[in-house]
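Written out below as structure tokens is the structure these notes cover.
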Amino acid sequence: MNLDIQIGQGKTARRAYGIDEIALVPGRQTLDASLADTSWYLGNVKREIPIIASAMDGVVDVKMAVLLSELGGLGVLNLEGIQTRYEDPNPILERIASVGKDEFVGLMQELYSAPIQPELIQKRISEIQSQGGIAAVSATPAGAAKYGDAVAEVGADLFFVQGTVVSNAHLAPESVTPLELAQFCEKMPMPVILGNCVTEAVAFDLMQAGASGILVGIGPGAACTSRGVLGVGVPQATAVADCTAAREQFYQETGSYVPIIADGGLVTGGDICKCIACGADAVMIGSPFARAAEAPGQGYHWGMATPSPILPRGTRINVGTTGSVKEILTGPARLDDGTHNLLGALKTSMGTLGAKTLKEMQQVEVVIAPSLLTEGKVYQKAQQLGMGK
Amino acid sequence: MNLDIQIGQGKTARRAYGIDEIALVPGRQTLDASLADTSWYLGNVKREIPIIASAMDGVVDVKMAVLLSELGGLGVLNLEGIQTRYEDPNPILERIASVGKDEFVGLMQELYSAPIQPELIQKRISEIQSQGGIAAVSATPAGAAKYGDAVAEVGADLFFVQGTVVSNAHLAPESVTPLELAQFCEKMPMPVILGNCVTEAVAFDLMQAGASGILVGIGPGAACTSRGVLGVGVPQATAVADCTAAREQFYQETGSYVPIIADGGLVTGGDICKCIACGADAVMIGSPFARAAEAPGQGYHWGMATPSPILPRGTRINVGTTGSVKEILTGPARLDDGTHNLLGALKTSMGTLGAKTLKEMQQVEVVIAPSLLTEGKVYQKAQQLGMGK
Amino acid sequence: MNLDIQIGQGKTARRAYGIDEIALVPGRQTLDASLADTSWYLGNVKREIPIIASAMDGVVDVKMAVLLSELGGLGVLNLEGIQTRYEDPNPILERIASVGKDEFVGLMQELYSAPIQPELIQKRISEIQSQGGIAAVSATPAGAAKYGDAVAEVGADLFFVQGTVVSNAHLAPESVTPLELAQFCEKMPMPVILGNCVTEAVAFDLMQAGASGILVGIGPGAACTSRGVLGVGVPQATAVADCTAAREQFYQETGSYVPIIADGGLVTGGDICKCIACGADAVMIGSPFARAAEAPGQGYHWGMATPSPILPRGTRINVGTTGSVKEILTGPARLDDGTHNLLGALKTSMGTLGAKTLKEMQQVEVVIAPSLLTEGKVYQKAQQLGMGK
Amino acid sequence: MNLDIQIGQGKTARRAYGIDEIALVPGRQTLDASLADTSWYLGNVKREIPIIASAMDGVVDVKMAVLLSELGGLGVLNLEGIQTRYEDPNPILERIASVGKDEFVGLMQELYSAPIQPELIQKRISEIQSQGGIAAVSATPAGAAKYGDAVAEVGADLFFVQGTVVSNAHLAPESVTPLELAQFCEKMPMPVILGNCVTEAVAFDLMQAGASGILVGIGPGAACTSRGVLGVGVPQATAVADCTAAREQFYQETGSYVPIIADGGLVTGGDICKCIACGADAVMIGSPFARAAEAPGQGYHWGMATPSPILPRGTRINVGTTGSVKEILTGPARLDDGTHNLLGALKTSMGTLGAKTLKEMQQVEVVIAPSLLTEGKVYQKAQQLGMGK
């Protein structure tokens, strides 16, 4: 059943579902968690853990990228943030962590107006690779156009082209030459991952443009900035399931399998499991890693649209520091709320559901189980988000 | 699908949708925000920004009307409020801003019992126009009957006849002659905008009566006074979409295009974008402008039903002051929560959705994406409404 | 559409709707509030206002019954409470108002174990009537069996037989003779009102037993005690609409019109309007009147199941005192939150909706407009219920 | 109607319902509560009350098991907890009750790493039986494999094999021999109860494996740990109704009636009534008994997944102490919020609904009556869960 609903005489709409509205149903078989295989490929890069740390300045720097690579995951470095504007980012990060709430937006607008230095881009990539890490980097379409050559020259392992909303048909003013995604994918020597998108049609367009991975998620959460400021967004369970259909179609037509990476609003192990059950191959998460002792944000987390000089969006959240990146990603957990040992949670969930591989996990049964706000949920979420005290 | 739902054996109902329950879906094309054209016409008045400041005493005075005109928007002056009862409204506004919570309703009932002075009506209109502003004024149907001639004499640019609920068939006691809307539109020398209404039938009736614009919105919010006190209201997404159908029908029949203005409960840029996506041509908003440094309310906001001597409704809210009217309407934003740079938010949203004009924005895809109350939403809304601290 | 929904393989259910989930839609006509006729009959008793004060000890005593009668409403005296157990109820009410939270249930269990005195029953009825009030009294089925004769002897005007759930087919232990409702209605010299019930079938049964009015409402609110303790309840919009169908059916078959009185969980004017729009002829409310300066509860309100020695339900709530009973029932209002001037709210709503009589009000259009919890609603409800501070 | 809903192009799902979303509808007959028969059989053990205390260390020890047996209920002893790891559990329980929030998970991981002593298992069983109690014990599948023989030797009355998710087809690493459920049921000299499961298929499999009872409930609550950490769960009303269908099918095929025991997230009498109305034969509850003065948790309650050394889930909640186990189970109640006199609530509910036996209670009418979060519910739930103050 997927009937269009009439909002009014002049408008119809589909019902879309969020991650908080679904739950996973155990099947007739179960599995020891140790038997669950969570490995996957992004382009030619194999990873044991389908969890990527977001290209956000409070989450990934050189050290985090290296650590996450070692643990079997992946961290993406933002090429247009603090790390590539400042030779020594540490005093800058200190200022962000210590500024008061009221001066925050202004400070961010100031700090992010310093110029991006192409040689710092190359330096960060080399730093990651020289320590044995996978150099995955990210830029906006505009940034990719500008700094793509510098990245190609030094040779990163993976390139994410990521905007709030990306399409393969962007109309720009005459004075501007927009990034041609297909050309860019063609010319770059490493796999290019494109996003974010939320619909089957756009996901398919991006695959045709040559993407080696698709980031899915625009305004996925009810409290998300994109929905508040722009009204734009699709709840994540529906967005992932839709884009998954594009992956299957593209695979049938071309034989090429382009993984779907769910990105946005995921906090707990359960959120990750549910995205994969909706068809995702991997997830990209920010705030859970912002809480790592090694995270550059020092207990703070902010979105990459926050420093916009014209229309800042998102805000800085004090997420706190709850453990090491190892405890968060592969455990053992010191917290019992689903934010530590994310890999353990995924494997346990797969065992519970009888899924031996991520492909089997994508097929598990789902129920719609609306999670009306309960006091427990408020309490738990508030703590997870560092909004309680 | 628009099936009637059976509430019980004796009653059926439609499901209506609110702005908080929908979100907008990016299409296959995107657009530079700078290319989005947000201009529109109200009668013969062209405006660059489809945002109107409500005819509320805490929101619009002469200065605000002029400022908003200059910025490309519009502000409507309430002809039955403080500005037309008192030669010098400032000490009155001071008293409202400084009175304690418990004496508030009583003070309002007292202050609004002072007589309306027709010469002050004319004076305010002249003051706006002499400073280059567009003189848009508002009265209730009863006020329009009484003061219409005074307004016609001095010549305002736009006349809003606005009641909580307006119909073209009002039954009054024999001792009273109700305002004949069609006669009134006929005789007034400027465009007349009528409202509020929420159904296709009434919107069509009002267009036939000669309205140059229709205000849509009765009890749109779940916490709205009209719903609490009177039980009356229709969630705004449905109301706007329904009245949009009347506009299309009227246009087909007469060739005359009567814009739909969504009014009530809109707080963020996202709310504005969603109303237009449901078919509105423009929006009318109060509380976002009540937070302007230049607003007459001095950080306070109250509804026009509040001073009723018999059945006061609504209350005074301390919304605070967050920036200049320019920052709020056209930016750059100093806040990151969607309440600054409303025009920038609209243009960015249109770019994201690939809509070059407001007419294209009315056609974008919508999903139903219930926004269950989340802690983030509580936090954000509470701050926006000035209820947190 | 009224399809059974499958909860699981072994169980289907209907969707029922609460008052908070609906809103009323203005039609093509409006009306001056002064033209709205709110009169109705209960048996042979005509009242100008379709609002009855509940038979609760914190709400109605002799004085309140007289005052409410004078104002055009009605108050029902509980025959099994404080007023008929104690010659002088005032010191008892003082104790209830001053006891601490933890001793409350124990104190209530003690106070309500004092014997009911039939002569006090007769005395209270005479006191009401001698002051010109309508003597409406209430007892449980067991109490009606015991004290019916005493009431008949002195001659009350209306007799309410009211239990949490009443049926016309009650199975009792052999040692007990249950009240035969039909016999009781037959023998009593005044109209008998029966309830509470929630289904068309039971409402019809009670009409056939001779009821002159039906009380509708069992566990109507989501937070209601009956739902929490017993799991029992039907949301009020559905319950009222269903029982309305029984009234129509019974009227067609017998020519006798038995009014439906919605009872439970109603707080604001809007709640009252919505019940009538679902088909009710009148409403019974408690907490709004418990807040009257004249109320016996002195700012406190408690349910009649609270003193149960075995399974106490409900609790004492500090509702505070907000105005006189006149201000609450017929205004003018001193509060702007929908809890003052309930008659004014009803008339204004009827005007807005174009309903000249309660019969027309029963026919107005309803939409389903889910009122997800918003911070405003929490704030407002908490204040109304006296749970905030 | 049980249509599959399309989450997105690639995924469909059923809508599942929780206990909070339903309510029970009174029928045409009512009943004196004293006439309600609540007896039931679990294997060959007859109990007067269909309420079982969970095998949790804060809930059941030897004393509680004996007390609950005497009152007509049942308490299950956890064979892998504090009671079987420590000769004298009291100082251990003291430490759990007194540790600070931040050290809690670490302490639990430490305390639960002490070895389980088979002779303590046998000793606890003997202690219960020698005091006249029913010795019902519980182990995980792994624990059952290890300690089953010790239990069989000493002879408990009932054996619960209980894991978060149990299936009859568990895939284990080659080094491990998983418990064969059918073999285990066969060889054990007492009835074996298996769980937890949530689907008709698995419930049927477990019945075929020889279960004498089925525990139903995985992640039933919206705030449940399993849903947060693993994403796994089915709302309880649907899970119970589905597994009930397996019971009916199995009974038709074999003539053997295997009771369904709803387990998880039940707090009030109403919750219990609603589970039975969905088809359950009995319920298992933890937190309501953790609040008993006699409970080993001393006002604290924690889940059995909490001490996991790798992936701790759940947390310790300060539920407080509100009365004796007798007051909680059979009353008279001293609290009015539905957490005292659970049997009285069940009998009163059955009377209200006209159900003479639990089999009739399984057939009562249910409505879907979404319990959106209301301030009352927050207040009530917070108090019940000990999260308020």
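As written, the chains take the letters A, B, C and D, and residue 1 is the first residue of each chain.
Note that a contact is a pair of C-beta atoms (placed from the backbone, for glycine too) under 8 Å apart; a residue touches a chain by one contact, two chains touch by 3 or more.
These numbers come from a predicted model, not from an experiment.
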Between copies chain B and chain C, are the contact residues mostly the same numbers or mostly different, with half as the line? different
If you average the CA atoms of chain A and of chain C, how many Å lie between those two points? 54
Between chain C and chain D, centroid-to-centroid distance (C-alpha), Å: 38
For chain D, give me the residues that contact two or more of the other chains. 15-16, 238, 370-373, 378
Once the touch criterion is applied, which pairs of chains come out as touching? A-B, A-D, B-C, C-D
Which residues, counting only chain B, touch chain A once they are in their complex? 1-2, 15-17, 22-32, 34-35, 200, 237-242, 244-245, 248, 268-274, 277-279, 331-338, 341, 344-345, 348-349, 352-354, 356, 365-377, 379-380
Touching chain D in the complex: which residues of chain C? 3-11, 13-16, 18, 20, 105-106, 164-173, 176, 197-199, 201-202, 205, 218-219, 221-223, 225-235, 238, 306, 308-315, 370-373, 378, 381-382, 385, 387
